[in-house]
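Below you'll find a set of structures to go through.
Heads up, the next two complexes both have chain A, just with different partners, chain B and then chain C.
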Partner chain A sequence: MNLTAEQKRVLWEDRFGISLADGQIGIALAGNPNVGKSTIFNALTGLHQHTGNWPGKTVDNAQGAFLYEQKSFLLVDLPGTYSLLAHTVEEQIARDFLCFAYPDVTIVVLDATCLERNLNLALQVFEITPKVIVCLNLMDEAEKKRLMIDVPSLERELGVPVVATAARQGVGLTELKQKIVQVASGSLQTNPRQIVYSSEVEKAVKQLLPLVGSLANNTLPLRWLALRLLDGDRSFLESLSSYLGVDPCWEGLRCAQ
Partner chain B sequence: MKKTQRIDPLADLAPGSVCRIVSLELSGLLRRRILDLGIVPGTLIRCIRRGPSGDPTAYLVRETLIALRSEDAAQISVRTLLNGEECV
Partner chain C sequence: MCAMTSPRSLSEVWSEAEVVRKSFPHSFSDQIVTDIYGNVEQITKQVLSKKESKRYIFDQRVDDVVTSKWFGYPLMLLLLVIVFWLTMTGANLPSRLLSSGLFAFQDQLTLWFQWIGAPAWVHGILVLGVYRTLAWVIAVMLPPMAIFFPLFTLLEDSGYLPRIAFNLDHIFKRSKACGKQSLTMCMGFGCNAAGVTSCRIIDSPRERLIAILTNNFVPCNGRFPTLIVISSIFIGGAFAAPYSGLVNALAITGLILLGIGATLLVSWLLSLTILKGEPSSLVLELPSYRRPQIGAVIYRSIIDRTLFVLRRAIIITAPAGALIWVLGNIHMGQESMIAYLAHYLNPFGQLFGLDGFIVMAFILGIAANEIVLPILLMSYLSTGYLQDFASLDALRTVLVSNGWTWLTAINVLLFTLFHWPCSTTLLTTNKETGSKKWVLLSFALPTLTGLTVCFLLTQGARFLGLV
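This part shows the complex of A and B:
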């Protein structure tokens, strides 16, 4: 989404109650629970934090600002989730922020000791936005467990920058900030790996693609939209109608069902 | 000679034993949730212990301890490990 700074500022304020300063770069921080997401958040933002609640929800919301290379960044800490397919309030908040706030960069924090389970969330985020950085945290724990991770290969497989960190020791944070700058400015292009589903699903997605274009005025990836419609994901339809004013009785929905 | 593999519900697994997930008969959001936790066909799962009244049961999946209600575990099909198959 190409929004002007002013449009984005208004949108963040109206939709999520978050005040983005003029020209500030907005970053979403996603990850499973207990991967050290808050440690990364604190390490990057220090004391420049603002906490509150997500609008209308009893879920904590933390934002923090930091400066790097004369640029200002606002980091938004999303609730820790295993998935974005919305069965809990936390998942709904994380998904809605990624879909309707159009962050300039999204960092997905993964537990390096348990990659298999953590990559699920990363792959889901890849379907929503290409501007992703994977942060492989708890590298110190992985080392203790004698786990070796081939970061360059992982980067190649995922198609996005992968930064290894041990946030408690402050390791890797400078590299993380450098990647944030590069991805935000577009000087580093990403090409996140997309999951190919069974031929049945892919066929249905193909049929839906021409229909969903008008649904969100091209503000959301069409593939993601088509997949959610096929899922019959009610909570996503509700968000579509509340954020974008999509008519829940839209004809394409019936085609999907 | 090829032995036929027995398929059992996960709920019948005794504490201490290991098996491999074959399929999930669950549907809807619960199915999605279980998949998101890393319980997918082919995954190794170890039964750790049962709750005081026999429910829920703790399982070790991908190095994480997860508690499942027996009514849900009853809808997950597993097969016992073949000789020589690796354990979790």
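This part shows the complex of A and C:
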């Protein structure tokens, strides 16, 4: 989605309560709870932080700014979630921000000690936005637990840059910043791995794809849109009509049900 | 109008999607989650060399069994039966010793009172009223609690409780409630007031209300002793020695299952009627199994639970014991006050297979469930049917001589399970829901359930001539 800088600034201010300065690059920071997300957030932004609540919700919202290579970045700390399937308010907030705020870069922080559970979230983020960097945190802990992760092949498997960090020791943070600059500027292309669903799900998606085409004015990946509709996720429908004003008929539908 | 003009309106696509979803043989969203994990597993296999620690593998192995489709529930039941069996068999001897010791001391006390020449009513209130009540409370309630609570804490500490919640999640979803309700329900086994407070973890207001309203359907710490004692006397007692413990354990387990069943049924009914909606899911992190810390287990179960419950029982029972002795000894015409009250309530109680004394004990028990049994005993004893009792078997004699049958016992068990919440729980419900309407409903739901069940059972048994 190509918003002008001004449109985006207004969108962030009005809908998410976040003030994006002129020319600032907006970054979303996602991850499971307890993966050291806040440590990374603090390490990158230092004291330049602003905390509040997500509009209308009792969930904390923290933003912080930092400069790197003469560029200004605004880092938005999303609530810690295990998935984006919107079972909780936190998941809904994280999903809505990724879908409707169009961050320039999204960092997904993973806990290297339980990679499997954490990758679940990463793959879901990949379905929404291509500009993702995976930050493999707690590498020191993984080492202690004698877990060996092959980072280059993980990078190959995922199709996005993977940065191994141990944020508490400050390891890997410079590399993370470099990757952010490269992905934001487009000098580093990403091609995130897309989830392959079982044939019955794929069939259902195929059935629905022709219908969803014009629904969201091409601002969302169609496949993902179709999956959420098939999922029967009402909270997503509400967000869809609230953020994109998609369908005036939605109100009527809700009454009818 | 818009649905017609725009062929691809959201509402149209939505209903189209609904058709596809409903034509799916099983849950579409579950399939999506399964598929995502399938992808994840593929990736992990490529990049992770599993030098996983032994304990992780151990946890995985145990969890494969403990939370499996086939072994999950049977194992849960088995553990419950074992815990109750240990409790009941183990509590027998200490109860006997305690009661004979405490009542021997009562005789000594009586002698002292006579020696200092105290008036009869002082001796009556302090010894026959307060002391005898307390002796009963301690002899009857302390041993089962001192065994049950450490065992329960042991399960909690080892990490098994979250697995129970995990196993139950799926049936809670079936009844259109939140899976987290399985956690708040488990909390309710400890204390219903705490259970109600813990419902804060449920995000959806609809599901939170369901969880609050149904929390009282599982027995709390304060009600377990009553269940255990009544069941040992009447249900286990009906069988020969080697089997009685097991039968008892099965009976209590059955009652708990009944409580869980009622929780699910009422949740389901609520979500069909006044609290309509679809269930949401929960994410539950299963902590790794730990070797329980014996010190912590003993401290938490003895200090936090056993002594806490006992203290609550004693604080409220002691004055109640005095009051009941006074009521039992002030006569209105032919009858003592207490008999008068009980006779007044009796017709109502009889309708449900209870009697006036039982109804009165439950009404006074609104202060705290712990005191229902002590009050009941004191009321019976104050009418002077039986003064001499040296062993716990006397309890049975007391009850039987007051007209108890197996039907009365079962009704008391059921009514203990299903009746109004204690005052603390009601106050907490008021605080959490902020509305008298919901408090009233949380009072009415279990009460009506209990009355209905007891009524049907009693009238049915009488109709068939079983009693």
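The working rule: the second predicted complex is superposed on the first by the 247 of 257 C-alpha atoms of A that agree within 3 Å, B and C clash if a C-alpha of one lies under 4 Å from a C-alpha of the other, contacts with A are read in each partner's own complex, and residues count from 1 in each chain.
Definition applied: contacts are C-beta pairs under 8 Å (C-beta built on N, C-alpha and C of every residue); 3 or more make two chains touch, one makes a residue touch a chain.
As the structure is a prediction and not an experimental result, all values here were calculated from the model.
If you put the two complexes together on chain A, you find that chain B and chain C bump into each other. Once the two complexes are overlaid on the shared chain, A:150 sits against chain C while remaining clear of chain B. Look at A:230: by the touch rule set out above, it reaches chain C but stays clear of chain B. When the two structures are aligned on the shared chain, A:241 is found in touch with chain C, with no touch to chain B. When the two complexes are overlaid on their common chain A, residue A:215 makes contact with chain C while staying clear of chain B.
Of the two partner chains placed by the overlay, chain B and chain C both lie in contact with A:85. Judged by the touch definition given at the top, the superposed model places A:204 against chain C, while chain B stays out of reach.
Once the two structures are overlaid, the count of chain A residues touched is higher for C than for its counterpart among chain B and chain C. Superposing the two complexes on chain A places one region of chain C into the space of chain B, and among 56-64, 110-118 or 290-298 that region is 56-64.
Overlap of the chain B and chain C interfaces on chain A comprises residues 82-83, 85, 87, 116, 120. Chain C makes touch with chain A in their complex at residues 2-3, 6, 8-14, 16-18, 20-21, 24, 28-29, 31-41, 43-44, 46-53, 56, 203, 278, 280-283. Residues 29, 32-33, 36-38, 62-64 of chain B are the ones that touch chain A when the two sit in their complex. Against chain C, in their complex, chain A makes its touches with residues 82-83, 85, 87-89, 115-116, 119-120, 123-124, 145-151, 153-154, 157-158, 193, 195-198, 200-201, 204, 207-208, 211-215, 226-227, 229-234, 237, 240-241, 246-250, 252-253.
The residues of chain A lying in touch with chain B in their complex are 82-83, 85, 87, 113-114, 116-117, 120.
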